[in-house]
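The data blocks that follow each hold one structure.
In the two complexes that follow, chain A is the common piece, with chain B as its partner first and chain C second.
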Partner chain A sequence: MRRTTYLAASAAIFTGLLVAAWVTHGTGIVKDDPERNIVIPDELTSELQVKVAYDGEDIWFRYRWPVERPAIFNDVLVYNDGKWEKRGGEALGPNPDFLTEDRVAMMIDDGSVPLFSRYGGYITIGEGLTTFTGVPETDEERTKYLPSSRTDPNDFDAVKPQSDLEKLRAAGQFIDLWQWRSSRSNPIGLGDDGFVAEAREGDEGTGPYTTNFDKEAGQPKYMFNPEVAGYRALKIDEVVSGKVGFNDTYYLSAETAVPFDPGYAWKNGDTIPRRFLRPEAGSRGDVVQPAAARWRNGFWDVTLQRKMDTGNPLDDKIFRDGGSYDVAFAVFRNASTMRWHYISLPASLGLGEPAQINAKFSEPGKPDWTGPWTEVEIYYPGQITWGQLTDARVHPGADRIAQRVPVAARHTEEQLALYGVQMEFADEIKRQWIWTLIASLGLIVALGISVNLLMRRKEEESR
Partner chain B sequence: MIRSQANRLLTPEFPKGRFMTPDLQRAPRIAITATFLGLLGTGVALAHGADGGVAVAVEGAPSWSLSPVYHILMAHFPVGLWVTAYLFILIRCFSDAEFAVRLQRAIWPVAALGTLAGFVTYGLGLTIYPWSAITESPLGRNHIMLATWTLSYWTVMTVLGYRFRRHLFEGAQRWITLVLATIGAAVITITGTLGGSLGGTPSLVTKSLSWIGWNVYETFYLPTWMLVVFGLGALVLVALGVMGRRKRA
Partner chain C sequence: MNLIAQAPGASALPDYLERYYWWAYLRPASLRVFDHPAVVSAILWGQYRGLCDAALGAVQPGKRVLQLACVYGDLTPRLRDRLGPKGRLEVVDVAPIQIDNLAAKLGHDPRVALWVADAAAPGTSRFDTVLCFFLLHELPDGHKRRVVDAALDRLAPGGRAVFVDYARPMRWHPLRPVMRAVFALLEPFAAAMWRRDIRSFSSTPERFSWREKRTFGGLYQIVVAERPG
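For the complex of A and B:
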């Protein structure tokens, strides 16, 4: 072979390796790792549509989002060889049995928590929250909290004294949190009113559900009323397969349940919801639905309603005509819960004031939905904490946060979703990246040596 | 006519056996000029880079760092020079005209100046963020990766340009030169666009890369088996060089 052929071969090998690198890059590391509580959703981004209406007395939020299969059950009790066993509820990633309910949640602030308008829910994610990689399981769920509620914002246990917390609350240092649950609130037309301050909690009062299990007796407290439902229990196979739907009696409430009958001849697979739904009381009952929502044509279409002024300013953000607010959303779909949700960046909401989401003034009691939807991109956030974001040793943009540059000015939702996943494998990816850097540098040097040896000069030919 | 002029230009320009070529003798002047340009750029950046507003303490902030503006400003020099060198290579590959041959004589000095400016730019880039922070960012990692490729690649191209000059465009070698230079131009483009994305101004190039298989917001890393293939590929390249060296041209 001539030297030029060797030269061409060198160039071809180098080019071929570059193409092979392009095709194979980014593989081999990012995959589900249940041992570390890592489950990556198939879709990293999705869409939520929002409309808002108000009449001076009430305010309505309407949400619409795609769901391939609705999850209308949460945790259930299944009879098996004489015992009632719990199934469903919390799960790492999507629950394959669809026994984890769909949800939508909304955080609201009126400007009292300035960081919220710029960074949304990120400010509520401290270190060591439940389900984060490496965090040991605790009896009590370690949930969201505001940095201002801690003497050290990165220490979950460093809660400020009660007197300080009360002072913060009175100054408006909390985020209102509305929730809708497909299983634990929707069937009886309710929402759930809570807040995030020193913890994520429900408002004063009682919520829309209670536990339907008698620990001492080891059996449910209630079962379906056979005169209403036509059965005392559902069948687990039909629940899991999705055969039980909206037209069936699938939830327990005062209207559908009777006290449990332990003397009945229960069969393996008999299934009773582990939650009993009930009317709410107190401030926690402020958020309701005009009517129970239904999943139709691949979408949940949910409306939540609340008094603009609930009279509970320590629990709720009060809406006023002409006011501007900040909101951020979370959607739980594909039977996922806890941190396996899709979140939005913060968006502005205007009641008569221009904003990203413009609430429509309506006739009394008649929300006007005639305007277009506001499309909100939502994404899987991974395990990014506020401590990481504000630490210049691990986040190049920490100085921008210190300068209060909004997250939306620097990152897109897709970018944040990808970063969220990459951060879950930060050590492994960094190691592989360094090796890639070294190997590729070696390849370029080898190319240089090869080409320098093989290039010919005309004088050499004449020799 | 054109051919004969070209041949005249292709004759050796200095006697064989001299210790330094005229080009190499000019190297100190080139280096001084490049340094001066770099300092000038830094001065301009200093004059315009002052932060406004209220200074805020940042957890974990390095004791010192340079504003990105110096790196951004300086980056225009290697990019401009390397792309110019590529343009000259492109013209020379497709033309033997006197104009093309004249441009060819400028290729290696332009590439060398670009490489010199590239080292300064690379160094300035490393002073912006703590290493622990920039290597935690997928986009940061990618920018470092591509900048390293670009700098090392164009160092190789500069050496080639200096050693082989007009011979790079003789016979079939010109097409290999074209391929190698085109790869060089591609890595410059990608590095630049990654820098833009890191600065918060992603371009259409960033999106285009996504369309052809690489979302730049994910770290570019190779699976372990591919790293082994890269290692073997490097050995094969060197072996080809050693074996082919013994063959006649």
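For the complex of A and C:
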């Protein structure tokens, strides 16, 4: 009787744990968690096509990538019961209203930052950056920085003295950063020229956009010129639904805007862009477009142009015929800065020198696009900091990094995307493993007990 | 104090041991994890105690006993306790770390001698009992033959060699597929124990009288070979 009870109990334990394993198996722990700033894209990898041309004076980069629906607005001001309210801009993951612009960004180095050619943008992801899980909100955005800019690379606040930073900059210890924005630069045919050193910043000068919101008055500074656009404002429903497109006047600039008229009979839902586009000035205006890009047939096709030698060597990497460079890309689809983007591993770029991306020498002013695209795999990077990658307790390959083994020699883009997601759920995965281990041990113990009881009964029966 | 020594001609660790069993026997962590009766019992599906009892049943007080290879758990301390005041136990193992561990486990005892030596070359002394507990399944077949021959060769007239090891379980045994997987993953030489009798590893089986007992649905075997007096 007692033995039968044990047998039944062990069988019950076995069955119970098996059912628990069955029920919990595959339910997954990887899921969006807005409380922790975690949103995982449906597709972890994607493709970017790149061509490069140069003529000795200018260099052109052409990017093409798939986008189901273009996001041509960023933040907007919407009239609602007497108030102008901000909508869009920064978003947790993709913006459901398509009020966060599309973007392509490119980092460039000329070999002055040796880690960049091996690890690309990973080296710029320090500790405590804005939007990372567990990082408290701060007044100022905490952006990318180079490890060499800190006395402790893992301490955002440990910035080296200004004299040291200037020495590093003069030695080329910065990464050139070009950006194209579908809403805040593209409509007027501009890019945006910046860099990453002790922070991610724009070059000297003014950028392609400024705010269109008058804080004191609580209203826009500009509205659409009705004589140009045919309206003073757009309708939020038409903006969100995608009804407003390239053939409409959808951005504010000197050509399309007039000062805001507070006396106009504004109606709920009236919508005005929160940014006013303007010509750039200074080094920040080095990166431009031959013409404003348009989304066609499911792809953005964007070309950025810059003087090979801008004369600004402290915030631009100077291109020379015969030179070799390292580049890395990021693509944002209706998603905001820092996190919800796709990145590439670093790739070599040759101007007359063999490389992964070979720039084509062209006639003056006529970029030659006749060659094939270079296909660049891009992937969701998750939340992985340089500190984690170089810490053997967190990253088993930290010793390889210490030996300066390039990331591409050890990981594929697909692997890196999966690791990026794993890092975002490291605690949950560990907890799940422990539960799995406990359940497995329970199953083995139950099996052992059952078999022992079975054998004992057999031996007794055979006597 | 126990006599701990390197047997003359003792060689370096055999290749199979370093290649396949480093995780089980050659690291300090291995000792911390495995050298507990409960752990060994779990590995042997709860049969460790019964198998030890069967092996120890062949040991009589006051006799000379040779144990081929150290064994995790409390087998050797229990064996030492059965020796009586005039008995003598020698243990050989090819891994110094195992000998050191056993020395620490047994403490001071003038009746016990520990040797760093291959089980296939355990010296020239004769013993009343030679115990080979779950060693054969870890050895390549050629080594199995040499160890079985060495065990039988070291028997004094009337002495008994006791082999406890895996055997081929009955066809319906619930653990048969589990153990097959374990062997495939971790114990590359164990499958031979399912195909061959221990007796067949002896070069001169006819010189000994053999008795065999299978337990736990045939998964384990206790084989006793006795040299005529």
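By our rule, the second predicted complex is superposed on the first by the 409 of 463 C-alpha atoms of A that agree within 3 Å, B and C clash if a C-alpha of one lies under 4 Å from a C-alpha of the other, contacts with A are read in each partner's own complex, and residues count from 1 in each chain.
The criterion applied here is as follows: a residue touches a chain if its C-beta (ideal position, glycine included) is under 8 Å from a C-beta of that chain, and two chains touch if they have at least 3 such contacts.
Since this is a predicted model, take the numbers as computed values, not measurements.
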Partner chain in contact with A:R393 - chain B first, chain C second, else both or neither: first
Partner chain(s) touched by A:M455 [first = chain B, second = chain C, both, neither]: both
Touching partner for A:W433 - first (chain B), second (chain C), both, neither: first
Which of chain B and chain C A:T27 touches, first, second, both or neither: first
Chain B versus chain C as contact partner of A:L447, first or second or both or neither: both
Partner chain(s) touched by A:A409 [first = chain B, second = chain C, both, neither]: first
Chain C-contacting residues of chain A that also contact chain B: 445, 447-452, 454-455, 458
Chain C-touching residues of chain A, taken from the complex the two chains share: 445, 447-452, 454-455, 458
Complex contact set, residues of chain A against chain B: 1-11, 13-15, 17-18, 20-29, 390-396, 398-399, 402-403, 409-410, 414-415, 418-419, 422-423, 426, 429-430, 432-433, 435-437, 439-458, 460-461
Complex interface listing, chain B residues touching chain A: 53, 56-62, 128-130, 132-138, 140-141, 144-145, 148-149, 152-153, 155-156, 159-160, 163-164, 167-168, 170-173, 176, 179-180, 183, 200, 213-215, 217-224, 226-227, 229-231, 233-238, 240-245, 247-249
Chain A contact footprint on chain C (complex, rising order): 42, 45-46, 174-175, 178, 216-217
